[in-house]
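Mind looking over this structure? Questions follow.
Chain IDs A, B and C follow the sequence of writing; residue 1 opens each chain.
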Amino acid sequence: MNTVPASLLSAIVTILAILLFFFMGGRVGRLRGKHSILAPATSGHPEFDRAFRIHYNTLEQMVVFLPLLWLATSFYHGIGWLPALFGVVFLIGRILYMQTYMADPQGRGPGVLIGLLANLGLLVLAIIGIVQDWGAVTAT
Amino acid sequence: MNTVPASLLSAIVTILAILLFFFMGGRVGRLRGKHSILAPATSGHPEFDRAFRIHYNTLEQMVVFLPLLWLATSFYHGIGWLPALFGVVFLIGRILYMQTYMADPQGRGPGVLIGLLANLGLLVLAIIGIVQDWGAVTAT
Amino acid sequence: MNTVPASLLSAIVTILAILLFFFMGGRVGRLRGKHSILAPATSGHPEFDRAFRIHYNTLEQMVVFLPLLWLATSFYHGIGWLPALFGVVFLIGRILYMQTYMADPQGRGPGVLIGLLANLGLLVLAIIGIVQDWGAVTAT
């Protein structure tokens, strides 16, 4: 795996995250039909409400996760596959979040936590990379 | 057009998408005033509710469209202007979505479909590019 | 500061924007617990409702701000630290928005305006950069 550039691995993770987000949005659409919830309403049946919140909570996560993934990929020059690995952990956390939330919103904790830890991991990698670049630039 | 780099065309499409999103958000603000809907309320009049949902549905699309546009632009090395062309199709779909949704939310189908097809086109380009890069890297 | 690449400064601003967004989301979570608002509900107490709208309005801003910041950073080749400076102005605007909105939603105007001006500044830089690149490409 060391021969594969970090950007290629992070591109694959980005595609997977987008497919997961597509899937969540598609479920909202199907449940809108199933429970006859007409747009522009965004609630009306507990099953729909859960699917809608899963989709939107993941929307909140996407604007944090994708920038952190690519900052880590661009600035961190250590172990090349580490940003993508944290990305896979994020995806696992989100899938767990989705499955547990649909069953019972109060069981969503572990999925939230795994996604948060993955984002914190990417944040640390990005900061390490930025600090190293800053040191290299100001030393010259 | 072949002499213009793909990244420059995609940058223009990105600017246009952001301007469209700005416009949608601006309409939400104007209708908030017109119908005296005080923040933090996000509903209260059918016209406002439609404008609000158009804005937020496009927000969902932005976190999918912009990453796909730039993955296709960065990784697909075929016809340079193809990512930007799909981007223009996306914008046409969103404008149609906005216009039909304001008139009647149940008429939003065609606009949604065109935007979805544009995103699928970008997804295919991105995957082609990633697979080709992967092949080139692992072959060496 | 001229020796520090623009991308490094914009990376730092991106990290700060993500940390601010994290903070806003964390407050929503804490107020959810404080006022016993069970998921998937997204309203139920004025304090929670304000924190929720601050978070989501900033979500709308993130999909505009981050692309504009990086388009300006990538395409504008004038004063290197100018995109990051507009980024800092955006952050100041959002912090002011958050503080005033929590106190009284009707006082949010100045924070909104400062953030908007920062985004407009980045938009102008991005367009200047794109036009210059376009001119350079088509002149050859």
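Please note the rule applied: a residue touches a chain if its C-beta (ideal position, glycine included) is under 8 Å from a C-beta of that chain, and two chains touch if they have at least 3 such contacts.
Nothing here was measured: the structure is a model prediction, and the numbers come from that model.
Because subunit A and subunit B share one sequence, their contact can be compared position by position; here under half of the interface residue numbers appear on both sides. To fit its Cα atoms onto subunit C, subunit B must turn through 120 degrees, a value rounded to the nearest 5.
If you average the Cα atoms of subunit A and of subunit B, the two centres end up 19 Å apart.
Multi-chain contact residues of subunit B, defined as those touching 2 or more other chains: 59, 63. On subunit A, the positions that touch subunit B within their shared complex are 3-5, 8, 11-12, 14-15, 18, 21-22, 25, 38-40, 42, 55, 59, 62-63, 66.
Residues of subunit C that touch subunit B in their complex: 46, 49-50, 52-53, 59-60, 63-64, 67-68, 71, 74-75, 101, 105-106, 108, 123, 126-127, 130, 133-134, 137-138, 140.
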